[in-house]
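Both of the next two complexes hold chain A, though its partner changes from chain B to chain C.
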Partner chain A sequence: MRRHRMVRATIVIVVVAAAILSIGAAFGRQSGPPRQVAERAASGPAASADPIVRAQERLRLVPRDWRTWAGLAVAYLERGRTTADPGYYPKAHEAVRRSLALRPDGNADALVARGALANARHDFAAARRDALAAIRLNAYGADAYAVLADAETQLGRPTEATAAVQRLLDLRPGLSAYARGSYDLEQRGALAAATGLMRRALDAAMSPADIAFCRGQLGDLEWLAGDLSGAAEQYAAGLGADPRAVSLLRGRARVAAASGLLDAAIANYADVTRRSPTVGYLLEYARVLRAAGRTGGAAGQLALANDAQRLFVANGGVDGLTAAELAIEAGRPSDAVTAARAEWARRRHADVADTLGWALHLAGRDAEALRYARLAGARGALSATYAYHLGMIELSLGQRRAARANLDRALGRNPAFSPIDAPIARKALAGLGGAR
Partner chain B sequence: MSTTASRGRRRRRAPAAIAVAAVLAGALYGFAPIDAGASSHREAPLTAADPAVDNTDLYAFVSKDRPGYVNFVANWIPFEEPNGGPNFYPFATDASYYVNVDNNGDARPDARFRWTFRTQDRRGTDTFLYNNGPVTSLDDENLLVRQTYTLESSFNGAPFKTRISGAPVAPSRTGPASMPDYGKLRGQAVVQLPGGWKIFAGQADDPFFLDLRVFDLLYGGDLSETGQDTLAGYNVNTIVLQVPFKDVALGADAARNPVIGVWTTTDRPRVRITGGDSYGGQVQVSRLGNPLVNEVVVPNGLKDAFNASSPDRDAKNPTLVRRVTEPEVPKLIQAIYGIPAPATPRNDLAEIFLTGITTKAGGPIKADLNSQLNNADVSASGFVPSEQLRLNLGVPVAGQPDRLGVLGGDLQGFPNGRRLTDDVVDIELQALVGAAQTGKLVDALAAGDKVDANDQAFGAAFPYVALPNGVGVNTAGSGSAAGSAPSTSEKPSAEAPAPSLTPAGYAGNADSGQVPMAVAVSAVGTAGVLALALLFLIGWWRRRSRPAPITPGSTDQTLQL
Partner chain C sequence: MRRRLLVVLGVAVLGVLAAPAHPAHAHPLGNFSINQYHGFTIRPDAVTATVVVDRAEIPTRQRRTIGCVEVAAALDATVDRVRLRWTIEAEDLTFHPGAAELPISRLSCTLRAVTRPLGTGAVRPFVVANGYAAGQVGWHEMTAVGDGVRLVDSPLPTRSVSDELRAYPADPLASPLDVRDASLRFTIGGSTDAAAGRAVGTNGRAAPAGGAIGRLVTSADRRLADLAGAGRLTPTVGLLAVLLAFALGAGHAALPGHGKTALAAYAAARGGRRREAVALLATVTVTHTGGVLAVGALFSTTAAFAGERLLAWLGIVSGAVVVAVGAGMLAAVRRGRPHTHRHGHSHVHVHDHRPGGRLGLFGIGMAGGLVPSPSALVVLLGAVGLGRTAFGVLLVVAYGVGMAATLTAAGFALVGIQRWAARRAAHWRADGVRRVLRRLPSAGTATASLVMVVGAGLALRAVAALS
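Right after this comes the complex of A and B.
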């Protein structure tokens, strides 16, 4: 335990320090002599294709270019997304600030970037406001609709979300639109159509990071359908394009765990969480450790997850959903209910309904829990986890027939949906006279 | 700790749950968690740029090596790093790339050329490399990823007809070890079609040259720190098409109707997710005619609308028209350099960007150069002003092209079409401060961005663009353009097999000869052209005496749009 505390204290200090230092590093470079850059560009093979570097170089040449400041912010957010490192958020924030300082009015680019940052920090209401303000300035701005679509989706306003995605597709078909269209279809249970659109996104992807993203999503769609080997193939193909893509490494780890290869899964998760010590990954790692009987290790990862959540909050993030998950994992269901309720007040996404329902169930409030667990699946999302939670809640309420149907559904969708929950579902189903 | 807490809670469970719990394994159930990653919401890429479909530059010019033919060069995917392997830069396979030609001035395309690409990926699962050893020909086994394309054309609204399919794309240049003789590969990608057409698609040195710091002007900065070609060393994906004048001229008669307007568009299929997913129709995601329009002319909030729009709507777009006739850049220049911004509305700019230079649209430039209104068979009533790159095919090819084009007294250059060597940054800067209507270059801006030529020499023969940059390329600009030593790529059309496809309807006229230049020029008014030439012949930068400024047309002469 002491060792874990030391590790986690070190990680927090290092990560926070890195976040703080990198602000200075990113913006301190602006003052460098522009001549140097130009000479480099003129005297040898061109500089980086890295969008962050390119935006920085352009800003050294054209420091008042408020659009590129906004572009730099988006580039930071993209890097934060692909590396799962929230340390990029403060940098993005600073770049947005510079853009708005240079051009306070009529700056749709900065509003889009600020909205994207708000989405990344889970402040979806603020993201929605910024996106709508950007659309008022530029009704043809596809990126604003992408930010709006993400915000409406997470706020649990499915009609508005679908409309925003459709508008995005009408304005600018391409990777960004296809990916969001795919997710919209997936949430409605249209897995085949979602897969088709994500393949289209893959066709449109050019950068290794984008290819990796699409492969990761295709893998996750295979996973949802319970095809572990199909998922593994997609993750492997994506890792070929970008061997450091954390979401793919995580996908591979999850498949290993689901395949019963717990040692491999543990090694993979150790790698994933070393690269990206974020709450979701640490929680999964803890879970796999627990499934393997390593409760001490699991507790250590859980402690790290709590620190990662503090870091996320320190970086301006708001995330009651993760707080609820952490409380559930720590065996504090009433805290989980409080956190999930607060999140539900902010947004009505299916994931929040699912977590709130499960937290209520664990707190022994099954009658209330049932309502939320039903809401989670109401749009048709084919999540094995939603079905499992609903089934277990129905079981607690003595609704054996419904429970049996939902547990059967969960295992039918993905027999290995969780290394811990799937065996429980199987036993519960057997106890109900069903079999999977 | 968590174990204790959960055990405490478990005792409070409802009886039914306890009964079931008895069949469950151990204590695990009590704190069974949410499934993986439920907290991290789905985050998809947010891409402001879509380089595979965003057209960066369009050129339209006649080359002296093949009179009677016009060349179109269109570029996508800027900032390609040389030797970027294992990265490479494919054309989008889900997009359609178009070159559109309007020869009667109604702002609608009369000739359309459409490229669609396919990728053959032979890598399997054991490698992610672009090539697997040296590539010495386009069909080399070692080239693992290949693209081919189909070119179709449509004239006067007729259905598209396929001119060739399976034409090879010149690959991304991955390095000297992988591609020891890139010029040979380039040569194999040059295809000659019946009807005299030549086509090329593939990687090339980005022919655009500028110092990005010139854009500091747009943000209130001055031009004190310029002079480096920011794009030096980068590659781009390019499409080059060479067709006879008669295939694009109104009535197939470039003598009577020498003026064409050109723009590119890129489309992607429309996708619907409401009511299931379905496809149908196309969405235009990019549009480009004149250079730098998106940077200099179209206002910030209008850029996306412009890219989605068609030229026939331009005149109905008051914001766009106002942006041309009430430009912002001259005001910025006035603030920095004290050069008075010309009075508005700027109908001279409307001529350059929206009508072509003509005396027939009421504009102030007293010359007839490149408006479709000057085509003999165009009726003024059907003319619709729109943003196009306009080219008079009949202007004789310049022996020594002037980088300042028309403003430098060289009528064959921008804004009369656009050659690879035209210094469009400096030309547009001068035009914006009024040089086209005063006939006088503005001294303080004479140096422009101080980048006067591309870093790589262009070729003297098709496809004209320079080979892509590779290892060891010294990108210090040579400065000279025409007549520079052609690379190994300049002799390829002979060794490229000419596909047997016959372009329907045009085979009979293949290579039927060139348009008589004198006739073509007179078709738009020899006097006007000569006057224009006189107007711009003398430049400050040559330290010659300046002509008396021509009085601009009365500034209340609002363009009739």
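Right after this comes the complex of A and C.
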């Protein structure tokens, strides 16, 4: 009796339960974005390794997470850097904007990201402002000091730059800090120490893009020291890690040109400018073509460089240094002086001083030129080009002793510093009674 | 020679050789970019490819004229491991004004390759790799549709998100596409409905379709996330958010999963006492809250975290626990069988050696709360992201209480029904029915088996989500 009742009861329970559950099932599994997001997260092994994908996933899940918006902006900037694809910058800009819209006050992360973006866009004054504002909010945020260090360096404030780098090294010794420390030392002419620190950065580098970056920097340091084969080795090693690293391909092209392998250099530069047709690379390509006697090709690349610069300006870009170099190359020294002066008013970097001095020299204003050419080397940077420019300016001012010393220094630092200028330096030095 | 500017940082990374500045863009993807779209239409006897190459100002300036020949030569495709030989059916190169009075260009090509006719029942692989302008930056997009064939496991969408490179999505959550190769299979029959957009998910699974309740829950989810992230947290807003979290938890538990069947059957078998109801409620709430907090902590701390995998593993554990409880019940029933009670009472009378025990109660409650609900996770992460961790935890607790209330209520509602049915059964006199019933296994065995089956089902569903 009892048992039958139990049986019947159980059947009723089963039927009712099944009914309830099938009603539930008919209305579907829990739907909505979170689950889809989670599925996307699990959809591939690459998905979780990519910081951009990770940040995007989290933001689909938590759209108001202002910290991750800032993180996404930085990830986009990183990707823009490693791929040399400026198409990521507007994405970074939008991500920063959203982070700040969600949290306008006390958002140090977004300020750091905005500062990094400003640096990438060469608006160093804005980058400095953002970095300082971020530091006021959080004095222990290493990334803010990284942005600050870059901005101060480019603005030509070496003391402040060194202080920022030192703080970064204290807060978070690692790839980011070592690389900046190395550049700071290099600016002061301490090439051996700069190389040592960059080697430590290389040891800390994990991703192919980072390894390629460090190798590229080491190659550039070898180049500055005039060691072409050492530089070539570093570039080759870097390209082994990341065959698409444009800055290394450019380094290789430059070494080929300096070694007199002009055909190889031209082929390499054609590849570099196809991948990344920036004004700077196009100018170098034009110079190598000119050195090889291909004036027609050089004029074509120069025209292309001009258009690239026009686009840059049309897009709201401000870069007087490149404009000045372009004007010098095109034989318009007074335009070069105007552009370089404007840039000098914005930032007092050694490169700007050097270009302004050279533009003034070409415009026939040597007395003024001498001042800037001296300023360029005053902070200790060991650039063959700076020394060459200073020597030539001194030569045209009739300061033969000083000219001889500086031309000798230029060729001593790097006998092949430029396919066009190095032979001129050698000839001028011979005329002064020196020999190299 | 001058060093390039050392600029920009990375979160974990470093100083940088900055690419030249690009404050804004005439071309949305940058003045350097060469952007490519490949749309494949697969037919039983041919493949056609619509190729668009959208070149920004500088590449157009570098090389004004390009042709479909080089585009086709760089498009390496095979059907059934036989390389396709493209013929150019249409070609069109147009120029449009870009920035700084420089033109941009758009090349459109229609390529076609004949394949061996496809027989019924055969499944063929289609593999494609695009090597055109591989070294240059730009958008790389591919789509695939079937015309007279059904695509079996296409990883490609059926519709272009950029309208064939006419409108690039500005959404910062969408990375520039970089799809340069694909591999899929197709078979005879059916066609892709291009209007349906992206038909299949990543693993060929259909995206979860939201029914009426699903949509309701989703919109309530969004409300709660908004409340939790409200600019100012007033007491009213806070109270409202807690109530909504409770309601959402209750609603969430009403959806399938969570071992409700097991819980109900279990509660029924145990006769349903008030103390046990409270214990169940507490167990579900504590487990769910703990689970959400733990997963939330994982989410916040480790970036490399595949959410769905963890949820699936928790689902497996949850299912396994239910199976174990069911097995325990079964063992208890078997042990208890020799002295089956045949009292003269007309109501169900359950004795102390009921199947399960305290451990089982805990297990079943844990299984119900173990898998964190994604929406509670969203609310928690949202609150944490806004620096309102405590409030987020409170909402998760409210959510768990809501869930537990539904689960427990469902269980004890069934007990009520069981009692009612049992009372009615005492009056049933139809011998035929009774004879049929006699042949069925005993109630204890049936309940225990049901619990085990449900547990296995939960675990299997989770396993399916993993693979």
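Quick note on the criterion: the second predicted complex is superposed on the first by the 386 of 436 C-alpha atoms of A that agree within 3 Å, B and C clash if a C-alpha of one lies under 4 Å from a C-alpha of the other, contacts with A are read in each partner's own complex, and residues count from 1 in each chain.
Assume a contact is a pair of C-beta atoms (placed from the backbone, for glycine too) under 8 Å apart; a residue touches a chain by one contact, two chains touch by 3 or more.
As the structure is a computational prediction, the values presented were derived from the model and not from experiment.
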Touched partner set for A:72, first chain B, second chain C, both or neither: second
Touched partner set for A:81, first chain B, second chain C, both or neither: both
Touched partner set for A:299, first chain B, second chain C, both or neither: first
First (chain B), second (chain C), both or neither touched by A:331: first
Which superposed partner A:199 touches (first chain B, second chain C, both, neither): neither
Contacts of A:374 with chain B and chain C, given as first, second, both or neither: neither
First, second, both or neither for A:129, with chain B first and chain C second: neither
Partner chain in contact with A:341 - chain B first, chain C second, else both or neither: neither
Chain B versus chain C as contact partner of A:98, first or second or both or neither: second
Those residues of chain A which chain B touches in one complex and chain C touches in the other: 34-35, 38-39, 41-44, 48-49, 54, 58, 61-67, 71, 74, 77-78, 81, 84, 116, 119-120, 122, 143, 146-147, 150, 153-154, 174-176, 178-180, 183, 207, 210, 213, 254, 278-280, 319, 322, 351, 354, 383-385, 417-418
Chain B - residues contacting chain A, complex: 1-6, 9, 12-14, 16-17, 20, 23-25, 28-48, 50-53, 77, 79-84, 87, 89-90, 92-94, 125, 128, 211-213, 215-216, 218-221, 225, 227-230, 232-234, 268-274, 276-277, 283, 285, 300-302, 304-305, 307-308, 455, 469, 471, 473, 475-477
In the complex, chain C residues that touch chain A: 1-26, 28-33, 57-59, 61-62, 99-100, 102, 135-139, 170, 172-176, 201-203, 207-215, 217-218, 221, 225, 229, 252, 254-257, 260-261, 264-265, 268, 299, 303-309, 311-312, 340-343, 345, 348, 373-375, 377-378, 381-382, 385-386, 410, 414, 417-419, 421-422, 425-426, 428, 434, 437-438, 440, 442-444, 446-447, 450
